[in-house]
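Written below as structure tokens is the structure these notes are about.
Should a chain be cited, it is by its letter among A, B, C and D, assigned in written order, with residues numbered from 1 in that chain.
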Amino acid sequence: MYRFRMPSLGADMEAGTLVEWLKHPGDPVHRGDIVAVVETDKGAIEVEIFVDGTMGRQLVPLDSKVPVGTPLAEIEGAEEEKEAKAPAPAAAVPAPATPSPKPAAAPASVQGLRASPAARKLAAQKDVDLAALKGTGPGGTIVLHDVERAAAGAKLPHRGLDLEKMRAAIAAAMARSKREIPHYYLATDIDLSAALAWLEKTNAARTPEQRLLPAVMTLKSVALAAKKYPAFNGFYDPAKGFAPAKAVHIGNAVAIRGGGLVSPAIHDCDRLTLDQLMEKLRDLVARAREGRLRSSEMSDATVTVSSLGERGVESLYGIIYPPQVAIVGFGTVTRRPIAVDEKLEIRSVVTATLAADHRVSDGHLGARFLKHMAALLQEPEKL
Amino acid sequence: MSGEVTYRDACREAIRDAMKRDPRVFLMGEDVGHYGGCYAVSKGLLDEFGPERIRDTPLSESGFTGLGIGAAMNGMRPIVEIMTVNFALLALDQIVNNAATIRHMSGNQFGVPLVVRMATGAGKQLAAQHSHSLEGWFAHIPGLKVLAPATLEDARGMLWTALEDPDPVLIFEHVMLYNMTGSLAAEAGAVAIDKAAIRREGKDVSLITYGGSLPKAVDAAGQLAKDGVSAEVIDLRTLRPLDDETIMASVRKTRRAVIVDEGWRSGSISAEISARILEQALWSLDAPVARVCSAEIPIPYPHHLEEAALPQVPAILAAVRGTLG
Amino acid sequence: MNKDEIRSVVVKELGKIAPETDATSIDPDADLREELDIDSLDFLNFLTALHKRTGVNVPEPDYRKLLTLNGAIAYLADKLK
Amino acid sequence: MSAQKLHLTRESLLGLLHQMTRVRRFEEKCDELYQSEKIRGFLHLAIGEEAISTAVMANLTPDDAVVATYREHGHALVRGVPARDIMAEMYGKAEGCSRGRGGSMHLFSAAHRFYGGYAIVGGGLPLAAGLALADKMQGKRRVTACFFGEGAAAEGEFHETMNLAELWKLPVLFICENNLYAMGTRLDLSESQTDIHAKAQSYKIPSESVDGMDVVAVDAAAARAVAAIRTGDGPHFIECKTYRFRAHSMFDPQLYRSKEEVEEWKKRDPIPRLTNWMREAGMLHDKDIEKIEADVKDEIADAVGFAESGTLEPVSEMTRFVHAEAAP
């Protein structure tokens, strides 16, 4: 016995309301006859029947909304179409629209700490505590290199600074310097007591952020001397001879943690105040150690200064960096007895040395250069 | 053709070479014949090949693009020139609903071996309606291939490979490149169209770009080198399919990505590339992916505003520095 | 700030100055300049950081009191009592 | 019926009757299958318009090409696409003529140069002209028949295509099935010029209007137009005035037209019109009709069985043919 069901009358129709029967139980029906009217969201639609037979029991009360497929009436004398056994649809396993690549397992995240994904991943692998690191990435973010350095204990070259390459470069420059430049050497002891006293008085009134180091005074004295004696501030080209530099850019040798040396230039050092020089020094040393020096800073020093700092020996004789023509060395400041007006006094003394290119200048001029530096250091407030 | 040539010359030689080699190839578009092409790419071709194969069309972008599709389905290899991507909006229905769809929808019964060439991009003060850069839209559509030749070799070599492709290929020629001059080998010929190219090696940051923005990226990389920053420049060449392999290899090396895209950033090709980098190379990143795109405004007419709206070298340098910290 | 907090601040700041050596594993009474190969600028940066993090402004004459790990911790603890 | 059709033979008229009956019964079956949710999506029936596709296809050779619209089941059937392949396509089965991917609105068959149904009104017109352009450029003397409704005349693509086709003298036969309603909008509510073939004449295309409910009249007009096109004198345009007895598509309560109008047009149903005319001319016996109805019933039952037992394309295959695959 065929059951007349609520038909699907549109793609987005889920249910319909039977509002009127046009055929009543006992009436004959033929394929194509309109047997009922169904109300849908879009309006009333006349519904046809697709079988021949006689209208039987009507199963759904009028004005009741029923889902598509609900039997509405029985039709006697008509057979339910034997459903051709439709094959079970192939297992329609929904393949993901585009196979998204499997994201690697995320390392345990460290709250609040700004670290790049690459840094987090390596830190997790190498068991490095991110909290202990100082980030050199954008906005102080800890980047992979910071973790690499921490993990490998500083032996690793700074990003951008390859220690082996640097060592090779220094070796080549020094060897060439020794081969080509006829060095002569001079030294003098300079009493820094006045300078250091002035510095101590100046720093006492300052917080650590603004305090000065002795290095700024020695660097400034070299810059002013180089300004006065251009024969020590320029470049020597075997073909064209010596060319004095137009400005004074002091190459300040900086030791890199884990070995290595680089001498970034402090531009126009002669025209900087001590405060400006201190700020420049802090910036340059920090960036030198992180391998983020600009190439311009690496290449245009006009004269170099090398210093042993607090824990070195009395005197340091440098090797000139070609194509420069001079290098000034400062040993460690020590307490030494020196004669002052026929009396022996203990003073803070530093030995300053000058190594210079004999093709450009000679000892006499070199001595006046060193003497002028020493004089400048006696009046620190004027530096 | 060799020695000093322009990008425009390279495009013309590509068309002429294709038409000489394959009788099925013909050029159809507005003013491609007597006028010689809005950007003079097809100058002289009408005299050489005649009106049958160099067909000026009425201003009916949907019409003649549809004709190109039908002709391609029936044995020809048409090159349809839509003067600029701005007018291609009128042909979107034919390109998206017909060209890109028919092979798949017909169960592989019919293909559309059609090439559509369009000028794109801003920089000539043509104002909002003539300065669009919408190649990213088309790169959204499965069934299409989308190319952006940025060098003389690619302008000369991509067309033949595209014509041989059994499916529709769109070629976007940036308006600011037409006058680019350089040397091109006499025997320069067809090039592959499925791979990106590394235009400059580098290890600190990957500059990912295409088409008209390539010269700016190369310029930026040069300036960065002076500051000790080694930038790698990737010329995408194809926007669909994107060459994920080359992009990710570079980003995994440099850990930083800056994408330069003249489209508007929302829903742009740069957004797609950025998403793919996050999906495939997240754990190599040391900084968020940066994007340098056009300002999200209709491109203004006055020179100073247009310059300010478009991605420029200073913005690229700033974006790179942003990733370096 | 109690002693432990001071210790972690000192260790953290030394870690930033000399990241490759583990500040907790050095001899707490040895000269930091030798242990961690720190120069005058590093030491000044160390004091600058301590000033920012704890508010204690160490005058130059007191520098030698902070040359060891224990010394630095004791000095700060005293100042922050 | 136009009397000047002299050489009408019983055999050719029976052929037309058989085709129209095939389309009519096929569409009725689709209507039933849609209501039992076997066919989904959109379904546009051509019941009442059978004369046009039947008559035009009768004048095409296998080498000609056809471009149709979403109301295309009849066009595909009469063009020769097997009922099985069409029904399977309606069921979305892989055995369908478009691999189940196109459905009712996108039937394709390369073997029959049936270049598809298109769902964007007017979308097929430029494409059809393009097929003709290629024929002309390759010196092939064949015709592309392009079917569309009067609704397309409002689309820009209609005007761009008419101009290009005449401008370049392309071998394309435009057949406008004017059934007075673009979905729910009557023609005089959307067109200033409701005389569609006059629009084509404005582009200098030879065009005429014919009673789309008279299969013989359409046949005569198509024969003249196709013959002219084959001589190479460019496109022709036939406007067939017709009427669809059913809704635009499923789920359309037809609020836009009256029942009386529908009944009025049903009186001009092309099938009884032909059978009555043949009976008067003594060319038709009851057994002819019974045979046709029986053959058609079997053909459709077979098609439904084929579709029911069809398979679904595996999801793993769905990314195939976005692009061509390299020849094996």
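Operating definition for what follows: a contact is a pair of C-beta atoms (placed from the backbone, for glycine too) under 8 Å apart; a residue touches a chain by one contact, two chains touch by 3 or more.
What you see is a predicted model; the values in this text were computed from it and never measured.
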{"item": "Dominant interface by contact count, named by its two chains", "value": "B-D"}
{"item": "Innermost chain by mean C-alpha position", "value": "B"}
{"item": "Centroid spacing, where centroids are CA-atom means, of subunit A and subunit C in whole angstrom", "value": "27"}
{"item": "Centroid spacing, where centroids are CA-atom means, of subunit B and subunit D in whole angstrom", "value": "40"}
{"item": "Centroid distance [mean C-alpha coordinates] between subunit D and subunit C, Å", "value": "91"}
{"item": "Whole-Å gap between the CA centroids of subunit A and subunit D", "value": "66"}
{"item": "In contact (per the touch rule at the top): chain pairs", "value": "A-B, A-C, A-D, B-D"}
{"item": "Of all residues in subunit C, those that touch subunit A in their complex", "value": "11-12, 15-16, 18-21, 33-34, 37, 39-41, 44-45, 47-48, 50-52, 57-60"}
{"item": "Contacting residues of subunit D [partner subunit B, same complex]", "value": "65, 96-102, 106, 108-110, 115-116, 118-120, 123, 125-135, 137-138, 144, 156-157, 159-161, 163-164, 167-168, 320-324"}
{"item": "Contact set on subunit A toward subunit C in their complex", "value": "131-134, 146, 149-150, 152-155, 200, 203-204, 207-209, 211, 213-215, 255, 257-258, 281-282, 285, 309-311"}
{"item": "Residue ranges of subunit A touching subunit B (in the complex, touch as defined)", "value": "100-101, 103-104, 116-119, 121, 135-141, 143-145, 160, 292-296, 298"}
{"item": "Parts of subunit B lying in touch with subunit A, wherever the complex brings them together", "value": "204, 225-228, 255, 279-280, 282-287, 322-325"}
